[in-house]
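In this document, chain identifiers A, B and C correspond to the written order of the chains, with residue numbering beginning at 1 in each.
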């Protein structure tokens, strides 16, 4: 019996890779008018992108077949789809094209790339080594600072202006006043996302890596970065909901802000629309981001559209992409629902509501604040090595399990070992 | 056993105690259900109230409008078919492991191999598992979701445990009467385990109802998704649609609860019925 | 003659045995043992979940053994398991005894209520428990502050965070173990109870002197299942604390996912799984031996 089982296992082991390799012939589209689109979360009603897809379907007589696979599970599902000739025709993503560049169509040949904002193309495409464009930006976002106007008024604080932004010291002092007198529970809050804290790191002049010839060197334990994290820990201990950055909760500070419990909220333009729809119990707005010892910082981001090479109906996906980007009317339609930045040169969005227009203006001034340090960090693709570990290091430092220096040095050593980059400090 | 006054006091205080315990255990769910009828802006508003000032069914309507009925149907199908197969194969396997334990020396070794199944969290085997599924040509096939999960060590364990308690003389008597081995099981021994069948039905139905990762990975058409995937999809990267999640969660509880209420009295009835006391 | 008939029987019975177990054995082999072997094979490679798969020998294991976070996660898992185990077994036992007593009325109603949390998926359990224990808008903190107390840092204090996970886990499994215990209690012969009652035993004596010892096999089953399920705790942690504060509630399975599957280091993740599996198997084996020496079978 033992032998029989051993044989069975052996046979299966041989069979599995043979089958798994499988044939990769794209199958003929079952229905040439159905566009299969992959999203990472259930679209809310009135979602900008799905509304645009529906508009396209209505105008052209095609059908859109949405499928949602949560972000984390896409990593397992995508290779499986590729192996089984079951790829969707259009994917809204940034990560999949970065991880599996060979699987996607180079859009450079399909559409005039010069219509896109170069920054959007670069940040969302995340391709720093080739001239390919696998991922076309549609949702273009930037980090920004929301504030609770009612709380500011109550605490007697004047919001900063783009010409006269706050320093980090002023920010913290005002957050303290807000917490004491503004009727909010927390002076400020920041999303539990690296990118929000990273802005602070760049304001201090810190960075993850530095250029070293053709390659990079690990700079994450530089004095600037340690100073930034040390200050950040202080903020968490005094004016921020500490649990968010210490980990330990699944709460989203956007909910705190919407409830009027937070004075100043560091998040990004993607939340604007949601706040606009949901907040009715207090006045709020967008204020310019503060200035640190090394200047200001904002981080661009967003999401792009990609078409897998072996999708059964890639032709239809490209048809949609042309319809979407090449006709300004269609892209404006999307933009007016998205209320975000435009990734197409010359297509702009002018809000009707004067409040939205004022906020939008401040949002646009943030674009100029993107830091060169950020661009270098991005181009190193350090995240391909250790993303979770960095998050854990920050959580432990904020929680007080390690000092800022210990946490960053330990992470720097790990990153250096894994990437083969020298340590600078 | 006369019903003395003291007895009555003890009886009623134990009854009260048991009901308090039960209510305490169910309370978080009651709280969840009440929250699902609140307006979105009431969910996080202090002071918290048990009941909404202005209860709404809107979340339920919008959740149901989005293909949710279909997901419920799929979950039902998977749960029923999967449970039927589980009952058949686990009862046979557990029976054999118990009844042949004296005649066949390696039964315990076979059982030990199955025990491995409980030691390893299924999630960590997901990737090789789906490789096997797609190698067998079961990708995007309903059997690719059902067959991998029907063997449950707990099921085999329960049946083995059940049949270990029965005297082997039951089987020996049947053999002397010339009853074939398989018929002995189907006609004599299986009915004795009715309570275990009911228990496993409840467990298995619930496991299948709550399946998430395999249907997501193996089925390629969103129309075939299960209710758990639908709930998870309301959790977004930048925000969570709490109202939808709460009402979807409440809807997801209803069918399993009904199944349990219908079946639970048979567990008790079955166990004390005949045979067992020998 | 008798000997050959014995032999015939032996053969038929062996055939019948394999006939009975075949469906389970075949499915188990295909969908569990083969993936298991594949996973063990992955642990010697740098498999990324798709295309890269080179043999790297023992490199993954070498990395693992000097990975201090691995030991940390494993240690926390053991502490969590030891802390939660008594509650996970004793509470359901007491409730089962209560809900089997002849003195109690509305038993099936109460049993149903106790069982309902078991029916929920870990996703929904996580949501429900967050709704109770969230530090900001949770009901528990609201009640504490309404009563004049100070809101507790459920998410910031590692002990409280671990407690919440343990609470969620126990809450969601009490009904399951209760059913197992009810099954065990019901299979104890009524004659024994009648004899005890005639001898004038009190309820307490009956429970301690009869129910508990007679339930030994059931208790063993419950302890074994509970231990293994606690060691494997993952989905709830993900839904409640996500491993925080810091990494104070990262248990071993979450560590495997964070380290490996989410960053596409399948080879490394498989190596951790392999080692963890051996450790879990040893623990289960020790429990098994312990209970066998204790007199069962």
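Brief remarks follow.
The rule is simple: a contact is a pair of C-beta atoms (placed from the backbone, for glycine too) under 8 Å apart; a residue touches a chain by one contact, two chains touch by 3 or more.
This one's a predicted model, so the numbers in the text were calculated from it and none came from an experiment.
Of all chains, the one whose Cα centroid sits at the greatest distance from that of subunit B is A.
For the pairs A-B and B-C, the larger set of C-beta contacts lies at B-C. Mean C-alpha position of subunit A lies 37 Å from that of subunit C. With centres defined as mean CA coordinates, subunit B is found 39 Å away from subunit A. Separating the CA-averaged centres of subunit B and subunit C is a span of 15 Å.
Looking at subunit C, residues 30, 33-34, 38, 49, 136-137, 261 sit in touch with two or more other chains.
In subunit B, the residues that touch at least two other chains are 44, 126-128, 131-132, 136, 232. The residues of subunit A that reach two or more other chains are 12, 16, 76, 255, 259, listed in rising order. Across the interface of their complex, subunit A is touched by residues 29-30, 33-34, 37-38, 41, 49-50, 126, 130, 134-137, 153-156, 161, 239-250, 258-259, 261-264 of subunit C. In the complex of the two chains, the subunit A residues touching subunit C come out as 5, 8-9, 12-13, 16, 72, 75-76, 79, 82, 99-100, 185, 241-243, 246-251, 255-256, 259, 261, 386-388, 392, 395-396, 398-401. Listed in rising order, the residues of subunit B touching subunit A in the complex are 40-41, 44-45, 62, 66, 126-128, 130-132, 134-137, 139-140, 213, 216-217, 220-222, 230, 232-242, 244. Across the complex, subunit B is touched by residues 10, 12-14, 16-17, 19-21, 23-25, 27-28, 30-36, 38-39, 42, 49, 95, 98-99, 101, 103-124, 127-129, 131-132, 136-137, 139, 142, 146, 171, 174-176, 179, 182-183, 186-187, 189-191, 197, 203, 217, 221, 225, 228, 232, 234, 253, 256-257, 261, 266, 269-270, 273, 277, 280-281, 284, 297 of subunit C. Subunit A makes touch with subunit B in their complex at residues 12, 15-16, 18-20, 22, 40-42, 44-45, 65-71, 73, 76-77, 80-81, 83-84, 86, 252, 254-255, 258-259, 268, 270-271, 274, 278, 280-281.
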